[in-house]
């Protein structure tokens, strides 16, 4: 893809379209649906709760996918703003599954552009998964604590802790499940990059 | 003294509520000439009509005025009733007391006064109505079809199968039109030749069809049911009777290197040639501009420079001295199916309203071709035997780019309409390309996908989903040569992403345009055409295959860009119209047409100038000794449509429009 | 009736009132909840957002556990957990590669016949019972039923209700004698997992939901998801502090509403644990003051 | 006085557009002044300036001439010819002092029932303000009549 | 003068024509002459007294002239416009008529007025006329003439009347047309009034009242002006012939002004140009149409 102003001079060094290694095909394999199904009606973006906060709206994400513009796509943090509320998937007139596509994109992005994941979000995910690694379950007090350490949002929500305690909503000592080894094997086998 | 009956209808409450029908009837009773005046609840009902008939019979009425609804509603009804009672239907008139009175007024008094006035108008008018007889014109029950493309073929076959003679005129050496050039057809992908050729043969063999190929309409006289058409039979330089279509002449023609029109210049033909193997009729024609014999003669060389074809021709069918000849045919109806021409992409345009696409280098860059050229490449009978190969080096293009809307929806180039078929044939091209070229990449630049039609959108989706054509939304700015590839610069407006593609071949999906010579044909037929040269239908919705000239019908792309199914449907519709017209020996017309008072006529022919239909003819009045006294106007009953513009224009009022004569209008106005 | 029971992490923490009320209601309706032994977290968004396999493998293990306990029905009250379990099962059933992957990870291939049900399915099946046993029908209460995302989407996984116009919750609420209100945002997302990581988004989304429910005249919101609950209840203080949208809107778990209609004690149902006090609601139906326990044994 | 005066107006209209438009006004029950009486002609091309003069002679206070919009003529060109005829005639009328405000020319299509009502009401109002046009018919006084 | 007579003589001698329509001297001034004998050609004259528009005699309605056989007619530039009109409207065949164009420096108002041409006695139309010779002719005779004397703004009166208010105008015309006796001299002399049966004589129906009162006169003169719109050649014969001295030219010139301003049409002696009534443009002005 050559994005420089087209001119006869630059014509020579324009490489062919589309690029060789194809993100498009990866996603096609990952979710078993072909993104070319999308005809850009925009119903997904129209219903997306996070659209207003995304620089790439859902349909634009799919379009870039169709055009195999991995760089521009994966380097945007929009895919990380998806809540997987599945509204898009539910309403897609072409029976495509944008939510699944975005999940698949995140998985690749995590590997290829780890540092592009918004800090707070990657912090949350790793804190969350760490909880599971450690205890087999999520121990919320630990989750909050770990999250704060990772995200650096140390004092956010601090004022709410007493309230949580008063209502008995925060247990302080974690319980570990017996099958924790099994869980850890799952993690190692799934070979997920630890989001940093 | 006339004996007029007046019948005032209450229309239930519709008139009665605001108009005092009884008073109206009473008032009219006292009008001189009125011998009978009554009111009734429903005049249009059977008992109502019975009242009228009875009165006509018993009181020998010579005029009937029905005060009821709009004549557009019931004039026919009441005139039929009058006729049934033995009164000439044109001695029955209606006063519109409903739409024009009771429904639009509240004040009963004033509405009633007005109703009386309206009825008076008609009573006074009808005193001057004349009994009129429906006009019957004999119909020549043969049809002319102009154009031998799929539309003309379909129309001709339908009419011929309907049992009527057809003269099919085609200006090219063979019928078949553009469809014969196509490879496959959307959305079914059946081979064009395979479905067309049988129809062409059928035309050639049909007992009711007289095929005049390589001929053109020279002039058209007359009117519906009675056209005289003069047809020019262009000189083929080959005797159609003698020729047996063996093809020896072509084999032996020394000039083998002429770019063939049929293959859009991608293949070669000879100077004496049949445009394509399945041509109908299968009779060659000599291209005199290219033939050595004629060029020699033109140069003034005494002895024949070449005569190979004549030498090898067994039946001695070659006739170098053949001249254009003319035939005149009498027909009752004409179907125009002259089709379209392709928009020419290059800078040079024959019309000053159009501009070409210099930016796409068509003609300059060898591997930039148009859609019809791609059809020839994809066609099994084409110059490459159906292989997609580049004109420049015969290589198979691995990346091919299709540009839609070339000459469509482009004001700057002078065409703002949508050509309708391009979206579909590009999808077809993408699919064909996918079938024919392994690991090929097809990219389409489009503005919108217009795929309304049975199975059409599915077809486009098929190109995208199964043939993996990449559709980019946007117009390409320019094509650049880049070594032996073509660099395509565009933007995908959906992603806002600039795109530059190195393509091996670029196909320009060019617009459909009206035929170049349409204006002269339209004048011959006195039918109208739009600013783009597409012929105008009589009504865009309700009379789509008729024209404003009675007896002339339209089929196919001469009316607007059309695909094959549309063209065929139109053709059958036109044929149905023609057969409907032919279903009677006589054509019946309302007698409300103009009539010239030849004694008073001065022959200034203002009427001729204003007549929209050319219905005014010049007639010599002679004395006993056959000397011309004067030349006066005469109205052709078949052509006149009864607008009356002639009468209002005539300074001496020597032409009268039946049903709306000066005396009738005068009388009405006098009743004020 | 014996049911496999998968509480999920939050029901043992921030959403413990959900479990408390569930257990009380189950007892009242004679439903035996048998907790799956040694269950692990479903992985929630964090798992499937980072690794599709992980997102399937974790729930798959739980399904395996259930099978070992030969439970043929698993009840997952948390909508998120339900969604993960159901999605995992769906993947195992329809994605051969994924299935084999999981097999190699767990060296066990979970049956896909086990039926996974959520609270909407469970209680709407019990609607008759609820009505029959209702000791204190919640007449006069107007409830906005909030389905959220994970209960009904994606449709090919959650087949039990119409994904765009569901009515199972309304059906249950009617059974309690309360009146479900017609409103527009029953299916809009509350911000889900962003509670910590993108609180602002959660506030924006949850606020819209609360406003809509309020304008529909609801006295309270009924939810079936701990995540939704904390966003709408816990975060509501922040929302109300920042804006003047009107009365605070109590957020109740469906089970709590049902419990009330069955005449169970509000404290037993954990109503005192909410951040937005449901007291006004209780006053409406003439129930006593909540006596929040001073001390909480942890 | 003038207010109680009810003008007598005659309308010459073409059959295809304005007459049908007036029918539409009726079917749509659009109420309008009852002062106008329609005389139906096939086309504005048929409407002669003599009709106007005769109507004025016969005591019409106002006149309406109406037909198809340009390009809509059922007979393709009648209205174009009429347009020139009336343009020149109007100039002449004005020149000899016959107030052209007494004559309304309009295009009213078959779909413009509302417009027809407007034309009728506007003309009626204008002519009512101009008062009765006795001068013209009375020109015959002293001679003959 | 001699040139004209020789030409006429030749045309008769060579039997190219049977009659010369020209001018000859009368007791007072000049009058139209119908010369059939070559010998009589010396009677022909042409000078500033030759007011008459001889084209009128070409009309098929002038049977007595027709009876004389194939005509040659002496025409000034203004007369040529009438000849063109007759050809345009199929009243005469161009090739059946020999046109002797004469160069003209303007004529007097009254053919009986033998005093030399001056701004005092010149016909108003001539002082405004810039056409010294016809463009339509077979033979052209006479010396080149200079532009005639007199002020060119002859239509001041027209504008004056246009400037009046409706009542004043009506009053004015009631006064003028009230004088009309319906003798129809205007029609008889008009080269463009050639109808076999004039509308004014049509009785079934009698659109135009025959009795000579202002109302019928209005109808008659308005209708005539309309019929002459774009056809009147402005030869002034009607005014000259009118015993009541009604300035009828005002009406036809008003019509001419109307077609000129609306359709840019000016009467010429080119028979190929169609009349403004009888032709149209899609975008003709319609400011007066609601």
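Chains: A, B, C, D and E, in written order; residue numbering restarts at 1 for each.
Here, a contact is a pair of C-beta atoms (placed from the backbone, for glycine too) under 8 Å apart; a residue touches a chain by one contact, two chains touch by 3 or more.
None of the values given here were measured: they were computed from a predicted structure.
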Can you tell me the least number of steps between subunit A and subunit C, where a step is a move to a chain it touches? 1
Would you mind checking the shortest number of contact hops between subunit A and subunit E? 2
State which chains count as neighbours of subunit B and simultaneously of subunit E. D
Quick one: point me to the chain whose Cα centre is farthest from that of subunit E. C
Chains sharing the largest count of C-beta contacts are A-C
Per CA centroids, the chain at the heart of the structure shown is B
Between subunit A and subunit B, what is the gap in Å from one C-alpha centre to the other? 61
What is the distance in Å between the mean C-alpha positions of subunit B and subunit D? 37
Approximately how many whole Å separate the CA-defined centres of subunit C and subunit E? 105
Starting from the mean Cα coordinates of subunit B and subunit C, work out the distance between those two points in Å. 69
Residues of subunit B that touch two or more other chains sit at 610, 649, 662, 666
Contacts with two or more other chains, residues of subunit C listed in rising order: none
Can you list the subunit D residues in contact with two or more other chains? 49-50, 54, 77, 81, 85
Specify the contact topology among the chains shown, as one of line, ring, star, complete or other. other
What chain pairs are in touch here? A-B, A-C, B-D, B-E, D-E
In the complex of these two chains, what residues of subunit B are touching subunit E? 599-606, 609-610, 630-631, 649, 651-654, 662-663, 666-667
So in the complex, the part of subunit D that touches subunit E is made up of which residues? 49-50, 53-54, 57, 70-71, 77, 80-81, 83-100, 104-107, 119, 122, 135-137, 139-145
The answer for subunit C against subunit A in the complex is residues 9-10, 12-16, 38-41, 43-55, 57-58, 61, 65, 95, 104-106, 149-150, 153-155, 163-164, 187-189, 191-194, 196-199, 201, 205, 234, 272-275, 296-298
Using the touch definition from the top, list the residues of subunit D that touch subunit B in their complex. 6, 8, 10, 19-20, 22-23, 25-27, 29-32, 34, 37-43, 45-51, 54-55, 58-60, 73-78, 81-82, 85, 117
For the subunit E and subunit B complex, residues of the former touching the latter: 60, 89-91, 194-199, 202, 204-205, 207, 227, 274-275, 277-279
